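In the two complexes below, chain A is the common chain; its partner is chain B in one and chain C in the other.
Entry: the complex of A and B
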């Protein structure tokens, strides 16, 4: 039984890590195709990636869209969570439902709806349009995380600040937000990784300036290439760094 | 102004930006899409109408019905396989690995979860392709080659890979919350290992499993990338059909109607598992 467990664990890890392992190993392939046999290690594909203007521009676009849209989603989510957790409002259950709703809808449908609406408004596809879409998908996430994190001990601290004469703005920025630093960071990092990786919204809502997943998508059309492996490995590195940072600085601190 | 109205005003002011954003960029586009699904296409132009023609076409056109069927089949197969593979993995991590190593084991088990969607599907091409790692390895022992890339099997593999990670996370979270006392009590009362699992642990973790399975279904049936990269275009899924309508013919009304059908399928799935779902506690 015990041996069987370890065997299963080994096979499961092999299955899960195999494609990423292959991706990274063959990004160093000294040959034209990223398939066996391995013909020796080279860094030339990474050089080509970094020299590729389209790819580096897409990378910057992705980073910009991810950071800006996550920041907007975080601020909107924080204000709404604060409002709904602190003040008794009529219809608050309905409002929570509306704010969470985009989580249950496929990104494709959100993208199609926005594309159609922007078309009718005469707005062209752009990075801004993509950013708007990414706020739509990340706002429910930020709201849900922060709403769940607003506990009673914060309530007393906020009330104390108010009794001491702090304006609502000062309560928000000097008491509530710092007390929620860890969940805010978690919500922000998660939003950044989702936006950074998101494809379908960016695909439908951008045209000339595109994000990295869309640029990688167009690379795929030319078939397998170690260069694509190299970009993929770099993207993986960025995501893993973000996740590890989250693990080390946010969740470690909480325990 | 009383304190209560002042508070209420403040509350509204705080909630308003998020609500307005969601209304403008989610609710409104969604309603627009539903309205558009009843419009007609005439000479490559959209004519507003109240015409259920797109829906009758979806329900009678064999190509569209086949795509709906493909999507349902693939997603159901993927959901079942993923649950069956993820449960033992989560259980081994939760019960066999020492406490202090569990977080690391879990992190490692879901590491590729954080790779980009597009890149993850591409990396499966490297494994499953004609000259890929799998066929080269089989070749060494005199087997193969298998034609897995560009088939349903490849799509299913790519999906299962992603959802095993997602489900391992959700099921692990459920298993670790269980007090060991339940299993101990059952064992004291004479249950063997299998009975402890079947009558105690499984029922207690079922809500978590169903929640994870529901997420798998929703994310899987709406995904365009995995079948498009790995499926090879031999069979269409619903999202691929939607994208085809947008791209080739610019038929927004039909694409909208297909999206509404997709939503309806997800809603049906929701009601099918509503009894066990606890979306607030994922």
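Entry: the complex of A and C
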């Protein structure tokens, strides 16, 4: 039985990680195609990626969109969660539902909706438009995480802060937000990874300056190359770093 | 700094339910007042209204002669010590204590010096760099006290501050609270449901029940000469004897309820009960607790606390009387 469960574990991990593993291995392929057999290791594809202006520009665009849109989603999500957790309003259940609703809608629908709306408003597709789209998908996430993290513990600390003379703004910035530092970091890093990977919204809402997934897609149109594997590996590296950072600095510190 | 509090005909209703009904109370500057009562009696609501966390539906509250209607907690000359401490977990003890001064725009060096002083006052000198999670419950409560006192409030409100502590620590903190109040001279309004705590610390006890003030006065008076049956029962164990049904005390008349504390029944007390037979007896450490039946009224059964050294046995007959007693309306 024990051997079987280990086997099951190994298979499960292989199923999850094999595609990524293959991608990373063939990014070092010393040949023209990222397919077996493996013809020896080289770093030249990474060199090409870093020398490719379009790719590095897309990389920076992606990072910028991810960080800015996540920060906006975090602030909005925090304010919404704080308001709904603290104040009894008529219809607050409905408001919570509406806030979380975008999570259940496919990114394609959100992207199409935004595209229509922006067209009507006369806004051209751009990184800003993509950023707005990413706020739409990440706001429910940030809201849900932070709403769940707010407890009576915070509530009484906020009450004490008010009692000691803090204005509402200082209650928020000096007490409520710092007390939620760990869930805020979790929400932010998750948002960054979602935004970083996101393709459909970015594809429909960008034109000249594009994000990395869109750039990779256009590379793929010209056929398979170890270069795309190298880009993919770099993207993967960034995501893994973000998740590890989250584990090490946020969740570990809690225990 | 210290100021008096004047509660004038205050009522608080939530919908149809009245939590406080026409409560009036004068608290002098520098006084240590304890609001005492069972849960749901309105004592915490009254405290919240003094602190500004709740507003009366009728009547008004004055602090230092100033009407507090519509003034939020942050602008009131009050601070509160909460039962759950409500310390800021992400700040050091010094920053916790200095928080109120920071809100008042006091410079960092100055406010940290003041925080160190306040921590010394509550016996935590030199621990300003620690964080709340490193402290025991009693220590956290001291920090909460230091934090509330650091801004030199006119009135300090304490919402069952010792409720979460174990009995031994609670008794120790009571003594310290009283000593600190004497030193700083601030008006303290303290809420509790523990009558022993109330007697240990209060200058004046305000007994509350069902949204009204039942009785108020110095601990000794409230304990020995309660003004109502509720107060008599809430302040401690009491024997209630209906004068309408017993002929034991014709000199007291035929109406009302005679209240006798178990420890005020002694051999040869002024109010004669006469020979009593001991029904059962148990040693309680500080006293000997016994049930006795007066021979002149076999249907009565009284609880008495005899001195620790008493050598009594079941079936023995003692000549008892009451030292202190009070007759109340039923």
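Operating definition for what follows: the second predicted complex is superposed on the first by the 255 of 255 C-alpha atoms of A that agree within 3 Å, B and C clash if a C-alpha of one lies under 4 Å from a C-alpha of the other, contacts with A are read in each partner's own complex, and residues count from 1 in each chain.
Assume a residue touches a chain if its C-beta (ideal position, glycine included) is under 8 Å from a C-beta of that chain, and two chains touch if they have at least 3 such contacts.
This structure is a prediction, so every number in the text was calculated from the model and none was measured.
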{"item": "Contacts of A:95 with chain B and chain C, given as first, second, both or neither", "value": "first"}
{"item": "Touched partner set for A:108, first chain B, second chain C, both or neither", "value": "first"}
{"item": "Chain B versus chain C as contact partner of A:67, first or second or both or neither", "value": "neither"}
{"item": "Chain B versus chain C as contact partner of A:166, first or second or both or neither", "value": "second"}
{"item": "Partner chain in contact with A:157 - chain B first, chain C second, else both or neither", "value": "second"}
{"item": "First (chain B), second (chain C), both or neither touched by A:120", "value": "first"}
{"item": "Winner by number of chain A residues touched, once chain B and chain C are compared", "value": "B"}
{"item": "Interface residues, chain C side, partner chain A - complex", "value": "51, 53, 72-75, 78-80, 82, 84, 86-90, 99-100, 103-104, 144, 147-148, 151"}
{"item": "In the complex with chain C, residue positions of chain A that touch it", "value": "153, 156-157, 159-167, 170, 174-175, 178-179, 181"}
{"item": "Touching residues on chain B, where the partner in the complex is chain A", "value": "7-8, 10-15, 17-19, 21-23, 25-30, 32-33, 36, 85, 88-89, 92-93, 96, 107-112, 114-120, 122-127, 129, 131-133, 136, 161, 164-165, 218-219, 221-225, 229, 239, 242-243, 246, 252, 255-256, 259, 262-263, 266, 270"}
{"item": "Parts of chain A lying in touch with chain B, wherever the complex brings them together", "value": "2, 5-6, 8-9, 12-13, 15-20, 22-23, 26, 33-37, 76-77, 79-80, 82-84, 86-89, 95, 98-99, 101-102, 104-110, 112-117, 120, 132-133, 135-136, 139, 143, 168, 193, 196-197, 199-200, 204, 212-213, 216-217, 220, 224, 228-229, 231-232, 235-236, 239-240, 242-243, 247"}
